[in-house]
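We just call them A, B and C in the order they show up, numbering each chain from 1.
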Amino acid sequence: MNQETLLVGLAGVLAAAAPIIFAVLGETLSERAGVINLSMNGTILLTAMSGFAVAYTTDSLLLGFLAGMVIGALVALVVAFASITLKQSQVAIGFVLALTCRDLAYFLGNPFMGVSGPRLQAMPIPALSAIPIIGPLFFRQELSTYISYIVIFLAWLWIFRTRPGLMLQGIGEKPAAAYIRGANVNVMRYVYTVIGGALIGLAGPTYSLGVRAGWMGTISGLDGIGWIALSITIFGGWNPARAAFGSYLFAFLQWLGLVLQPVLTQVPSQVLQVAPFPLMILTLLLVNIGDAEWVERTLAAMPETTRKFMAKLLRAMRASPPAALGVPFERD
Amino acid sequence: MNVELKNIHKHFGKTYANKGINLSVRSGSIQGILGENGAGKSTLMKILSGFIQSDPGGEIILGGNSVVINSPADAIHVGVGMLHQDPLDFPPMRVLDNFLLGRSGGLFPNRASVRQDFLDLAKQFDFSLDPENYVDALTVGERQQLEIIRLLWMGARVLILDEPTTGISASQKQKLFITLKKLAEQGMTIIFVSHKLEDVEFLCSQVAVLRAGELVGEMKPPFDTSKLVEMMFGKVVTLGERQPAQTGETILALQDVSLEDVRLKIKNANLDLKAGEVVGLAGLEGSGQGLFIRACAGLVRPVGGKVFLKGKDLTGKPYHTFKRGGVNFLPASRLEEGLVPGLTLTEHFILAEEPTAVFIDRAAGQRLAEDRIKSYNIRGTPTSTVESLSGGNQQRAELALLQSPLSLILLEHPTRGLDIESVIYIWSKLKDRCKKDGAAIIFISSDLEEVLQYSDRLLVFFSGEVSEPIDAATTTVEQLGQLIGGKGWPQKGDVNA
Amino acid sequence: MLKSRLSGFIFQLIAFFLALGFVSLILVAVGASPFDAFKNMLNGSIGSMRKFAEVLVSFVPLLLVTAGLLITFSAGLWNIGVEGQIVLGAIGTTWVLRLFVDSSVHPAIVIILSIFGGMAAGALWAAFAGALKTFGGVNEIFGGLGLNFVSTALTLYLIFGPWKREGVASMSGTEPFPDVFALPQVPDLRISLWSLAIAGVAILIVYFILQGTYFGLKIKAVGKNIRAAYLLGIPTWQYSLYSFLICGALAGAAGALQVTAVYHRLIPAISSGYGYLGLMVAMLVNYQAIWAIPVALFFAALNIGSIQLPILMHLDSSLSGVLQGVLVLFVLLTEGVRQKFVKKV
């Protein structure tokens, strides 16, 4: 493989990761506030379809992306209402929405199947795109890819560097402590769930108006992306930088699968494409195993120095979710 | 700033947490609030700090102005800051972020200047806190220090501290007291909530005592300890007739057992418990007695020492091995840990029998339930779900679940929140089971009278320290009250001398 | 108690009509007549014996999966990995059938063996998710999802790899097995009474496990309060694993029947989404095993009834999924409203 194709391939990885990044960061924001939005898989499909449909009908890419964000926000609003106001199980409501939105996408998208519509074009950035290697890699992308770079940075900046972002961390960690510091916990949870939903809703049009332009119904190949994004959220440890790394890693592994296919003719492409999954399970295992009771008991039986070392090791590996994730907040 | 509380009432459902409390605290003074667990201290302070609101009719006057405090944010706005017993901070975040969180200002906080403010304040009180450290790496004492300077930075002029000396080291306590005195000299109003007599007497310029939701008395130095104890725990206590312990074989033996959890370390606890004996564990909540009783149940694995049940070494064995040996544990939170909400009484009794058959014998279950309901005087039917029972009846149901044969009953707050009738009933049942099965009892209670009344010996816990077993018959409520407050601790071994 | 049950029923009725109303709105929005759509769905599912037989074909795996999920739900577990457990059931069955396809063993015995093989494979796959949960602290939702993807990949690998058809491998699946290895079907209809019987027996067994056995009672205790169950002496982690095993075995049976009674081969989409649909049915019936029968039948009827919509009305057949999902959604929401605004009796 020469350098040219390698660069094109890697640039493709950056583009393919963009929608995943939107979804993962949207979920990260929502979960940082304490709300799991499990509807993601359905939301991505529904927004991909509706984004494409709107862009096709109005011939406006902007309206297509906007439609995706609005629908993503609306679905998230249902999750927020059911879990925050009605105190129903976030898992149940999210799961049902995941399935319903998926079927709704297939149902409503029927007339748009296979039609060719508008799509984003590559937008090389003057000057920057001329830089060797870096230029073709980063700066000859579609607009959505540039936006994904910005969103990673903004999300990271917001969570870790701004005042409201600090409060967001607090709300997901210990709502009571955030409350005594002046946060209106439940209102903020609504706000972040809806904003997160809008970001997830950006993922769909990024597929249907860019990375995988068009709407192909059940063979769009988008079913499952949302579940992948959920695992990457955990892998990312609720940190936008680590989450972006996870998204790129995933997109890279998928690309690698395609590249290796001619070499490994024995292995069907679908197998290579799910190769990240056993890895993902292994990662989740490593970040979670410290919580298991048998580990605790085994540790107690060890001599003091080993105990301290092991405890430290497990602690370093683990990615702690926001402590109040999924826990309703009441003032008293 | 002077603080005045007028006619503060607060009730939760049927229980009154505060009944018409009037209290006034002068600027520059350190006001102690004394009272046993559940006396209403925390409720009163939560009202002042905006965490909860009092019933209509009460008034809070700060510096001469009547104020309405609807939230903690309101409270700090008018200058009232509270240091909670369990620090309300964010353990996985950095010290500086914790310090900064909640302070209003621009989108991007100026970390350099915040850091400078932080270091200045820390230096002023001689706290050595690293702003870049993570809070979960700090001790409870350091977390308090962080919270104190945060509240000062937020503009607190009234500082409420709820049981601040629980779980901190002696040197940290000393530093805390120096800080508080310094703050009072600067004109701050300090409200110090505790039931540690020693601390209150040492620190406070005035003490108010709460009991059962009411303010029962106030005192200025010099303090009369025995009078304070009497105010805290009610009139001179009349102990019922004690029965001498009928002791038999050794049930449980702990040899140099060491325990650890995130907050506490207990070192080298020893106990030799005989059949028929009742041992009470006294101490402020979170002093180590919970960890101790869970270790006796096999729920916590000791990091050192040996645990023997009826002569068998069970060190490090799981809870179910202990349970097969006849150890039953009744936790404090009945609906969270003790019973299964959603299941009926019959289903509980069936489960507790540890059935080995396949199909449920409904008729037998029904008979069993009716029998138990009768003999434990439970107000409920076999098909009542446990959450529909009253607290006293839930506790009776838990007793009715005790397996037989039984060798050791471990109870956490067996009578908390129960009316006197239930208390007497439950203890008579417990003593019955004890006698019948040749079992022993270990229980935790924050009710000192209960501890003295029903135990033969007792262990006192104070910040992870465990006393040698003390003879309950020769101990008075006053002595015990001082001991759990950390006062008058003898060298180990001297207690009965 | 009676009053709360009554209010629950009323709210479920409200939810049902809200769902119908919502879906009607969607239909109107796409320019279709809701009345015609519902009529066609009704016709398409129970309009003829043949169609109803198709409903039953769809009902069998759905009921089996739901039966299994009732056990894991009772144990407080979200066994989303059930999709993969169906797939593994199908793989296990195909594997056993392939082993014996050229042997002289009596086909009936081979079929029985293959179904047990499928159940074992499903249970094994569920045990993975269970072990990840109980020993590794990996939430069963994520462990399960990951295993679902792995199982799909495994199917594709087998279809395109070691088990590929003579000539060219294709998405149409492995080489079909000879007819003697199929469960006997009712003449002219695709439904096998055997598989119907297996599903019926499964739901009855689950009903009795949950209603009448100590085992079921312990499972319920673990699901409702795992701490208290542990203190009462129940080895909770074992019971969590048992519930995974049972659910996996039943899901495996569903996969096995898809191979032996419906497709007679392994195809890529062998699970057909019955796992996720089963989760919805189990959610809807709220631990009441007997109700699983009518609800699963209703959901299966929606599935089959919508198949003809593309031809008759140019509507996508996923309308059934929308209706099913919206129905569960409204049931959840109205239940939330009831808990919040109606005083508990």
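One rule holds for everything that comes next: a residue touches a chain if its C-beta (ideal position, glycine included) is under 8 Å from a C-beta of that chain, and two chains touch if they have at least 3 such contacts.
This is a predicted model, so every value here is computed, not measured.
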- Query: So which one's got more C-beta contacts, A-B or B-C?
  - Reply: A-B
- Task: Using mean Cα positions as chain centres, tell me which chain lies farthest from chain B.
- Result: C
- Quick one: chain A and chain C, Cα centre-to-centre, how many Å? 28
- Query: CA centre of chain A versus CA centre of chain B: separation in Å?
  - Reply: 43
- Query: Using the average of all C-alpha atoms in each chain as its centre, how far is it in Å between chain B and chain C?
  - Reply: 49
- Message: Give the list of chain A residues in touch with chain B in this complex.
- Response: 161-164, 166-167, 169-170, 173-174, 176-183, 296-297, 300-301, 304, 307, 320, 323, 331-332
- Complex contact set, residues of chain C against chain B: 212-215, 217-218, 220-221, 224-225, 227-235
- Where on chain B is chain A touching in the complex? 49, 51-52, 71-73, 76, 82, 84, 88-93, 97, 100-109, 260, 300-303, 316, 318
- Note on the structure: chain C partner, complex, touching residues on chain A are 38, 78, 82, 85-88, 91-93, 95-97, 99-104, 106-111, 217, 224, 227-228, 230-231, 234, 266-268, 270-271, 273-274, 277-278, 280-281, 284-285, 288-292, 294
- Query: For chain B, which residues count as touching chain C in their complex?
  - Reply: 319-320, 323, 329, 331, 336-343, 347-348, 350-352, 354-360, 401, 403
